[in-house]
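Here's the structure, in structure tokens; my notes come after.
In this document, chain identifiers A, B, C and D correspond to the written order of the chains, with residue numbering beginning at 1 in each.
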């Protein structure tokens, strides 16, 4: 099983909290697509991205397949042609529509996807009281799965709209952009020595977050806040994108071949947001940067990226429910840090690239069956990000959470926090 | 000027016929997209194809730019961001949205495109009575231009829907499929010697159809009807797709690299139509074949393709308004030839590949200005097709009409008629 | 049979002239590779080019296969692994080494290829007196085939050496570069009306040069000489490479994607020759230009390319043995026209792009068997060049000769002669 | 500085040992290319590989640039055009010939490269007694650098020859192939707890091997020997290449796109060796496998790859001069393990993929200047291999050595040793 839910959390499930969270999560997805037209929701702007409608349908497929089909006697699929269309990458679930062609699925329509959702939600509601613990754990997994897709839905739509010369806004609401004097970054010393990290069993976690194990940390410090747009502009002004010695070899090749000279979505002093083109806020965290850029910035700054262990050790004591995260369907864009003490913006705001390659923890075993494909098979070539972003649903974050992307990818709300050896 | 309209046809323009044809043509485009959702109309399934909405908008751009903007004092553009989005390939009209990314333009919406149409149609209606002959000639050109895009709209939607595993139907109406015994093909001797061909000034024609000039034809015969699906099946059964000696070198490379083993849209005894998957009708003309396939079939049959001159000489005496052409928004699919005398299905049904490379006639000069880019600049690498198809609007065809595509392209309703030397 | 040799030429064959020409041709190939190292002769600088050693071996394979193997009883292949390596594109001769990987064949060595040549030459010498007419015709074809490869060998080596920053010279001998005042181009009126063209049976010709047939020519004139480098410089200075309206659509796409701004091998006022980098001679014919460039230049000059028929009609009366052609192993580079009357440099100097797509003449039938793949299967997408170049072996040219390349290719000694309608 | 040479080793340098090792290393490179023709030594069979001549020249460039040019007053470059040609990837040394086009450098010839070597060797010999410690450290680095290229030279030539249908042998000497019953693999328990690893300063090491630092190891065991060809055949027979659940996601994509179904160089029960095609020895270590294959095999075997730390901890006590390594120019091919106790074949035979991504050790700093580009900039996307192979020069190995390649690469002598948790 890919998720870990202990006896204590089972109590919570039984008392209706799971049903409420399920309903909240399912409703948020619908709210997020509310501003979108059928065409908006069906287009795919690059192979890495998926149409919003596809996200709606795929998360529904997940519940229908792993909960209703597998655990509810007599359940019949809403449409037996849909699994082929909306399976993402589960080899154990059979062949599927090629990922780069998701944008060609103009049918079923957005409304039809909503009907499917309603059908599955109703079936889940009926089935929930009688589900086995194993099935309930899959419901829990499905909620977290859908929360991940909510964030992807937002970043995918942002990418699509940014390709459109009209620069459409998802929400017209202006984003407050207080151009504050950004506070000086401070160094906060981290813990050193042998410490225990990784998920240990209390509450939900993805399989890759465990097992809990001991790690040896060397003396180090973390920056009090993420790097800001103003600091990033200094990097640009200092020739950061033209100095090969700052870059990893693959990163330099990427800069050259893609003609990269700024974070994604920057153009002429503005950046593209889900509310359209806006002036760049120098005090806000820099975002939409690749691992390659984060690493080059750190080299330029005479620092380095934190390891995922350094990050987790520092975050363990902080409240994962705090910070700039996704609460409802409204514009998301990282804002400047408020306050001036301790580690700021560890949760929410921007995902933070770490220097750690995404590999299994000692003793890791992927779950058997299709859901075992959730995390383990992606453990090559990617880097770990920690923390969460302004587009991550609140409640989805925790100190042990391991997000991962390839080092050139930057359409997520990705940023960096500097670290250094002591 | 890209079109040729003589004094006699001007009389027709003045009496309102032009206004009626304009209205008919503009309305047909809207009828064609009526069954489409916003998403259907916005998706692009390959670089060669365009979204249906794009066709609606581009044809509107053509009238707004070349008639209203250039010839109507005081006309203001509906939206001055649209020309960048909906110029196709007119270099003289400035930079434009990259063709392969037309499917990312989910905005303006299909409804917004319809509003633009209504706005432009109203302005055209007001302006028409007072337009100069030069402007009227551009209206005439715009009608023919839009008719071309109506055919493309149908073939592009067909291509899109064929990629969808659900196999959506544009129109549910069943296509009559009378599996008749197909009649034996006969050879009809053609004219030989020096004859005059090409457009000579009477009525509308594209610039590339002229000037009228003399051509020397050698003794030859044309097949009485196009090659049928049943005959194509014999070619397949005889190993046609596995016999390199039948193929042009580039054609064989294409067969190998694309793993081609049948006309486009064939699968397991069925083909995809605008009404969904249907049983293949052995008596209907084979269609969705490339020039390479047409040439290989002719080699296999011990024959050859006609030249465009042989075709035109034979067609000159026939009625271009006859045959299976597009009259209104309804399923299109080539049907079996009816009757048994003379040359059948020369106009309509399927475009017929000729053996003639698309090159200028002696004395050809492209028109000055942007509309001069209409035809002349495409005169390399493509082959001429003659006749028209079931998806060509009736009234758009004539004996001198020169259609052209690359030899590997086959998403149009393309077929072939055999020829031989005598 | 791909070649056409009538009874009269058979007399010549019998008297030893064929043997002498065979020996001369075979020796010239060896002379051409004499300045090359084993590495020079084995490298392949692009998919279109072949290693010099491969040319030596392939021409030997041609004689061994089609003459010795097929017509000499008891002949045993020198090495039965070689046909797989050195068959070029004859599908009927079975599978073969992939063309883009010819440069990986460092074995057999250049010396081994020479040994194979010697072996085959000896066997041919012994067999020649007793060969049947059919076999003798294949020897004749083999000679012309090898002459073609001699020209390719030179242009392929030139391409290879041009990629080397050391700019190696094939021959150190300086090329005379008399910067003369280039003579004014004159227009020479051509024949009009119905005339007979194409090869008619007297002497050797490739199959695609016939059959002889009647063509209708419209009134026109040809330029007295090819376009010069000085004129080409004017085209560049006038923004020729930056003006899309001058270009065919495919040509403009090619200019953009390849960043073309001058003929191949031009750099900083010099061009690369088989004697290394040299100052550009403004009076010499412009060469290493694509069809796209030739066509754009003609548009810029208010003229057009000649048709292949106009060219042939004009050339029929001229001596194909005259002009700047390849006599022995020495530097080749087109020189300025000498003299001032009539049509100059029709044969030799540079191949002249015509406006004619390479398609079959009326009544053309490719020969049966493998040698039938020589020409006919290439009749799509390519354009005809006429005349011959400074790298064409003298004796290989004739008025009916049809060379052909794709419109973007320019590593041959290609140029253009303007034409216009009268 | 990229290398680390302490005071103790400096004593060795001063007494002539360095000069002797330099001479030995330089001579071995020449011996390795002795069987190669000029063409063999100049060809490049893929972007990842380089011509043998290029290796000869590049290693010479390294000494000429970093020792002679930078540390020997008055030294003049042998040919000032060569640095552009033979710089590999040192951005600080300026622009350079594009890597994929190394095979086009047929000049300078193999003999000219040898002359350059002789010139540089003589200059090094004269300069050596008077070199500064910094310069001597660069000589030391140059020796290790050249040893790396000796291994690459062998694997690159092997790749080239394997593309040739003639299957040329570098050395004809037969490889002994005793098809022994392969011994049962045993599990050897490794150390657990906090241990010190990484290079600590005694003797030469590359910068990436340090600094020495503490690592926490969990209880585990290593296999007594690498996986054999016989075991690999079982993996194949059991459908290993057809079972997606065994593979990392990127690995499965690679298997599909490259149609991988066996280690590189396997065909019909044989594999290609530097002595040509040979029967596969089931008892010899499996080699020419990618990380993806190694990982999938481990999954299939119910085990995992060792971390680089587990490997190093186990290797620390073993003799790095033992085992199957490169001593002189002769056939190299991994042989079956001899003996039956302890950890076998840890050094030599095959490089062993570890599960560790190639990332910096805590406190790592790349050296300033061009030689700082040696290792640090490659720390993304690659995996660490440990141990050395039959093609690694003896003396080049040590327990701390970190080799690294991308997970799909397999033209090196790469294999795997299983590990498991205890």
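Following the convention adopted for this analysis, contacts are C-beta pairs under 8 Å (C-beta built on N, C-alpha and C of every residue); 3 or more make two chains touch, one makes a residue touch a chain.
Which chain is which protein? Per UniProt: A, B, C, D = Ergothioneine biosynthesis protein EgtB.
All figures in this text were calculated on a predicted structure; none of them were measured in a lab.
Enquirer: Tell me which chains count as touching both subunit A and subunit B.
Expert: For subunit A paired with subunit B, there are no chains in contact with each.
Enquirer: Go ahead and note the Å separation of the Cα centroids belonging to subunit A and subunit D.
Expert: A distance of 38 Å separates the two centres.
Enquirer: Taking the mean of the C-alpha atoms as each chain's centre, how many Å separate subunit B from subunit D?
Expert: About 60 Å, centre to centre.
Enquirer: Can you check how far apart subunit C and subunit D are, centre to centre, with Cα atoms defining each centre and the answer in Å?
Expert: Result: the chain centres lie 47 Å from each other.
Enquirer: Which subunit B residues sit where two or more other chains touch them?
Expert: Not one residue in subunit B touches at least two other chains.
Enquirer: Quick one: which chain pairs are touching?
Expert: Chains touch in the following pairs: A-B, A-D, B-C, C-D.
Enquirer: Which of the residues in subunit C come into contact with subunit D in the complex?
Expert: Contact set of subunit C toward subunit D: 37-43, 45, 53, 81, 84-85, 97, 101, 103-110, 160, 163-166, 168.
Enquirer: Can you list the residues on subunit D that touch subunit A in the complex?
Expert: My answer: residues 89, 91-92, 194, 213-216, 218, 244-245, 247-252, 291-292, 295, 355-357, 359-360, 362-363, 372-373, 377-381, 383, 407, 421.
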